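Two complexes are shown next, each including chain A; its partner changes from chain B in the first to chain C in the second.
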Partner chain A sequence: MDIPRRSWTRRLWRKIPREMRMPVGALAFFVALVWVILCIIGPSIVPFDPLAQNLQRFLEPNSVNWFGTDELGRDLYSRVIAGARITISLALMLVVASMLIGSIIGVLAGFFGRWVDEVLMRLTDIVLAFPTVILAMVTAAALGASLFNAVLAALIVSWPPYARVVRSMVLSLREADFVSSGRLLGFSPMKSMRLDIVPNVAGPTLVMASLDIGNAALLLSGLSFLGLGAKPPTPEWGSMISAALSNFDKWWLGLFPGLAISTVVIAFNFIGDALRDAFDPEAVRV
Partner chain B sequence: MSLHSGQPNTHQEPPPSPSGRGRRSYLGLLRYLGRRLILTVIMLIGITLVTFTLTNLVPGDPVAAALGQRAADDPAIVERFRQEFGLDKPLPEQYIAYLGRLIHLDLGMSWQTRRPVAQDLERAIPATMEIALTAISMSVIIGLLFGAIAAHKRGRITDQVLRLISLLGMSVPTFWTAILSFYLFYYRLGIAPGSGRLTPGTPAPPRVTGMYTLDALLAGRWSTFVDAAAHLALPSLVLTLFTVGLLTRFSRMSFLEVLDKDFIRAAHAKGLPNRTVFFRYTLRAAAIPILTLIGLAFGSLLSGTVLVESIFSWPGLGSYAYQSASRLDLLAVMGVGLFVGVVYLTINLVIDILYGFIDPRVKVG
Partner chain C sequence: MSEPVLSVHDVVVDYPGRPPTRAVDGVSFDIHTGEVVGLVGESGCGKSTMARVLTGLLKPNAGTVIYRGEELRPLGLGGRAPDSTGVQMVFQDPGSSLNPRRRIGSQIQDGLDAAKRRLGATDAKDRPQTPQEWLERIGMDPEDAQRYPRSFSGGQRQRIATARALAAAPDVLIGDEPISSLDASTQALIAYVMSTLTIAQGAGMLFISHDLAVVRLIADRLLVMYKGRIVERGPAQKIWADPQHPYTKALLGAIPLPDGAQRMPTVTPPGTSYPLDEIVR
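And now, the complex of A and B:
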C-alpha cells in the first residue's frame, strides 16, 4: 500500500504523548508493551515447561508455583505467560486479515458503485445481521476445533465493519476534487485507487484496527472457551478458563488466565481509544 | 468483533434523509415500510443461505456429529438418517425444500433433540428474553446516567473514573466475570442461588409469557417469583457490565456533541434549571444516536448470552445455539440465526421509524 507515511506518523507522534502523559494511559501503554514482549520471548523465560505434568495437582499459589498448579499439576504461571504468544499473535493476525479483506471489499464497493456496491453491501449486511458469536460458532464447529479454524471463523464475522466504514469514506472521497481531477487526467481506476483513494483511507482504517485488537482477543478466547478453538494441552487463556469451570472452587485456575485476557484487552482498548482521540476522525476524513 | 458482536457498528448508514417531498405522508411511510419489508425478507433468506452453505461446504460431517462416530461407521444407520432428514437429496434441492417449508413457518426438525426446531425455540426464547430484557433495562438506566454525568464533568476526575469503568466493562471477558461472580456469590458468600432458572424442586409457574418471573407474578406465586428473580440476577448482571460500558461511552459522546450547541447555552442563559435543560433539550437532541445504540446493544446482548447461558446452565437461546452448532445441527442453527436476524432487523426498522417521531426533520419515505 502506498501510504504517505510522514503525514500520519508525524501527526501520531505529535498527539500521542499528550494522551500518554495521563497516568492511566501510560500504564495501559506499559501493560501492552509488557504483554507484547512476553508474546515474543515468553515461552523461553517461563520457569517450568507449560505442558509438563506433575503429581502435585491443585497447589494453591505459592513461592515456587506463583499462580499455583492446575488439574494435571502443570505450573499455571508458566502456562499463562506462554499463552501470551498464542492469544496476542493470533489476535493481531486476525485484525490485520479482517482489515485487509474488509478494506478491499469496501474500496471496491465504494469506488465502482452500482451493482458491485449493491451486491457487496448486501453481503455485508447479511453477515452483520447474523449474530457474531453464533456465526463464528457454526463456522468453527463445521471446520473442526483448532486454533487456526477459530481465526478463520472469527475472520468471517469481523470484516464487515471495515467494509462499511471504508466504503463510506471512499464514497465521500470519490466526489472530492482531487479525485475527479485525477479522473479527468485519465487515471485508470487502479491508478486512481492507488494514488488518491487508498492513502486517504489508510489512516482511519488503521485506527479502527487498533481499536479492534482487544475485541479480537476476546472473540478468539471466547471461541476457545467454548471448546471451538485451542485443543486441550495448548496453554490458551480461554480454554484454561473453561477448564477452571469444572473446578470452580479452585479460584486460582480461572482468576489468572482471566486477568491475563482482561489486562491485554484493556491495555489495547485504551491505546486504541487514545489513538482515535488523537486522530480526530473528522479531520482525517478529508 | 467482541463476543457480543462487539463494538456496535456506529458507522451505520445515516438515517433516511429528508426527502424534500414536503409533509410526512402516511403513503410514503407505507411505501417505505414495504420496501424495508422486502429487503428484510431478502436478508433473512441470505442468512439461511449463509448458514446452509457454511455447514455444508465444510469438511465437518453433520451425520457423524449428530450420531457419534460409532454409528456413523455403520452405513445402514447413516443411510436411514440421511433419508429421514432429506440429506440424500442434492444440496440445492434440500435448500429449496427448506425455504418451501419456511413459508409455513416450519423450521424443520432438530437432529439433536428430535423435536421441531420451532418448538425448541419457543421454549428457549423466553428464557433468553428474560435475561436480555433485564440486562438491557439496567444497562440503559445506568449507562445513560453515567454517560450524562461523564459528559457534564468532561475532563474532570469523575469523567476519567467513569471512562475507566466503562472500558473495564467492555474489556473484561464475560465468561470470566460469570465464573468469578459465580464463585464469589454462590460458592464463597452463598448469597446467590446455583445455576439454572429455578431451584430444583420448585415447579415452574403456569406458562403465559414463558418468563418465569413474570409468570410467577401473574400466577400470584410470590415465593416462585423471588426464586426466579434470584436466579436471574447473576447472569443478567454479568451481561449488564458489558452493555453499561458500551452505553456509557457512546452516550457520553452523543451528549458531548449536544452540550456544545448554542441552544443549550441559551437555555442555561435563560436561567432554566439544569434538570429541565437536560430532560427537555439535551436528552431529546441526543436521542437518535442513543436510540440506535440501544438497538444495537440489544442485538448484541442476544448473542452475548451464548457464553453466559452456557456457564449458568440457563436453558435459553444461547445454550441451544451452542449445542446445535457443536453438533452441526443445521436446521436448529438456521432457526436460531433466523430468529436473531428477525429481532435485529425489526429493531433497526423500529428505530428508523422512531427517528421520524423524535426528529420531525427526518422523514422516512
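And now, the complex of A and C:
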C-alpha cells in the first residue's frame, strides 16, 4: 500500500468531533496533563516541606507563601501540590481496580448466563441499591479511618456500574458469529473469553473508566473531608478543606484545595467525554 | 450408498412464545462424504435454525443429530469436546464472522489447532498446514495473515472464514447463507470456492441459501424447505428442470433467466400459501 497514512495522533484527532477539538477538550487535556505531571514530580519541586510547621500561622497569600499558610503555619501551596500525588494516584488506582473487578464480574455473568448471571447480578443490584456515598461512608467508618480503607470503601461502591455495562456488552457479543465459530472450533470458555470477548469490550470499558477518574477523585476527597480518609498531617485536599471549615474567614484555606479538586474533576470528565465521542461517533451528544 | 457422515432424524425446533413458533417441523436428511447438499427456501422457513441444530449450537426439542454414528452433543458451557470439531460452519454475515480484534492469520490458526487436537497422529496432512498456505489456497496473498478483518471485503472475509473452518479438517462443512450478503458477481465465485475446497478435502457440505440459481450450480442434491418442512428433495438438476411441488415451482418462477425469451419473473402474491401435506419425492 503506497497511500500515505496519517499518523495515529492525527487520525485520533480527526475522530474527535469538531466542537470538542477546541477549546474545551484541548484545555481539559492540558489541565489534566499538568496535574498528572505535578502528581509525578510535585513533591520534589515544592518550595517548602508540606508537613513543616512554623509560627507564621494564617498568612495571606504573598510572594513567599503563594497560597498563604494554614492554622499550623504550613505552606498551603506546597500542601496543595503534594496533595496531587495522593488524590490523583489513588483515584487512578481506584478506577483501575474497580474496572478490573467490575469487568471480571460482568464478563463471567454475561458469558455464562443462567445461575452465574443471577448470582452475580443480584449481588451487583444489592450494592447499587444503596446510595453510593452513604455506603462508602458506612464502609469506611466500619473499617476505621485511613486512606487505604477509604480506597477500599470507594472500591466497594464503584465496581457495579462496570459489571452492568460489561455484562450487557458481553450478552450481545456472545451471540456474534465469530464467538459461535470459535466454540465450534473447540475453544474452552477461558479461551473464548480471552480471545473473542475481552478484546471486544475493552475499548468502551476503558472510555467508561476515563470518565470515572474525576468522580473517583471526588469520592476519595469527599471521604477525607468527612474524616473517613486521610489522617490530619497528610496533605490531602478533602481533609484540607475540612480543616479550613473551622477557620471560615480565612478564604485561602478552602479556596485553593477546592480549586484543585474541581479542576481535576472537570478536566478528567471533559477528557472522558471527548474520548467517548471519539470512540462512539453515533452517540447523541447532549 | 455409504454410511452418511451426518444425519438428522425428525428434528423439531420450537421457539418460545405464546403460542410457540414451530421453526422446524420434523426434518430428516443425510449428508454423505464428498457431496454437496443444497438447502433452499425463503426467509423464515427454518433453514438457519437447521444449521444451528446441525452444529450443536441449538438443542432441538425433538429428534436427533447423528455424527459418525454417534449422537451429536449440543454445545454446553463447558466447551466442545475435541472429537466433535468435525462439523464446522461458515456464517451468514461477513461483518461478524471474524473477530475484528485479531489478525486473520491467527484466526485461521485456530482451525489448524482444532484439527491437530482432533486428529493428532492420524492426520493425513493433505491440507495446507499454515495460515499462509491457506490464504494462497483461497486465492489471497499470504502476507494478508498479518492484517485485521477490517482490511477485507465481504467476499474475502467469507473466503477467510471458509479457510478457518476447513483448516479444522471437518467431515461436514455447513454454509449458513454464506453468500447472501455478497454482491451478485461475488456470490457464484464464493459458492464455487467453498464447494470445491470442501470436496477436495473429502468432506461433505450442506449449502444453505435462498438463491436456487446459485445453489444448483454447486449442489448435487437439493432439499426445498417450506414452513419448517422439507417439501421436495432430489437431484439438483432434476428439480431445476422439473419441479414437482407448487412451492418449488414458485421459487423457480421467481428467478429471472437471461435466455432471450424475455420472460418476466413470476411474482407470488403476498399471503399465498402452499400445501404442506403434499410432500413429493
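Keep this in mind: the second predicted complex is superposed on the first by the 260 of 286 C-alpha atoms of A that agree within 3 Å, B and C clash if a C-alpha of one lies under 4 Å from a C-alpha of the other, contacts with A are read in each partner's own complex, and residues count from 1 in each chain.
FYI, a residue touches a chain if its C-beta (ideal position, glycine included) is under 8 Å from a C-beta of that chain, and two chains touch if they have at least 3 such contacts.
Just so you know, these numbers come straight off a predicted model, no measurement behind them.
Chemist: Given the superposition on chain A, are chain B and chain C in a clash or a fit?
Modeler: When both complexes are placed onto chain A, chain B and chain C end up side by side without any clash.
Chemist: For the three-chain arrangement built by superposition, which of chain B and chain C touches the greater number of chain A residues?
Modeler: B
Chemist: Look at A:Val64 in the shared chain and tell me whether it touches chain B only, chain C only, both, or neither; answer first, second, both or neither.
Modeler: Neither partner.
Chemist: Contacts for A:Ser262 in the overlay, against chain B (first) and chain C (second): which applies, first, second, both or neither?
Modeler: A:Ser262: touches chain B, not chain C.
Chemist: In the overlay, answer first, second, both or neither for which of chain B and chain C A:Val119 touches.
Modeler: A:Val119: touches no partner chain.
Chemist: Across all Cα pairs of chain B and chain C, what is the smallest distance in the superposition, given in whole Å?
Modeler: It is 7 Å, taken between the nearest C-alpha atoms.
Chemist: In their complex, what parts of chain A are in touch with chain B?
Modeler: Residues of chain A touching chain B: 22, 24, 98, 122-123, 125-135, 137-139, 141-144, 154, 157-158, 160-161, 164-165, 168, 211-212, 214-216, 218-219, 221-222, 225-228, 238, 241-242, 244-245, 248-249, 251, 254-255, 258, 261-262, 265-266, 269-270, 273.
Chemist: If you look only at chain B, which of its residues touch chain A in the complex?
Modeler: 1-7, 9, 11-13, 42-43, 46-47, 50-51, 54-55, 58-60, 65, 160, 164, 167-168, 170-176, 179-180, 182-183, 187, 299-300, 302-304, 306-307, 310-311, 321-322, 325-328, 333, 336-337, 340-341, 344-345
Chemist: Quick check on the complex: what are the chain A residues that touch chain C?
Modeler: Contact set of chain A toward chain C: 112, 176-178, 180-189, 191-192, 195-196, 199-200.
Chemist: Using the touch rule from the top, collect the residues of chain C that touch chain A in their complex.
Modeler: Chain C residues touching chain A: 55-57, 75, 77-82, 85, 87-89, 91-93, 96-102, 110-111, 113-114, 117-118, 161, 164-165, 168.
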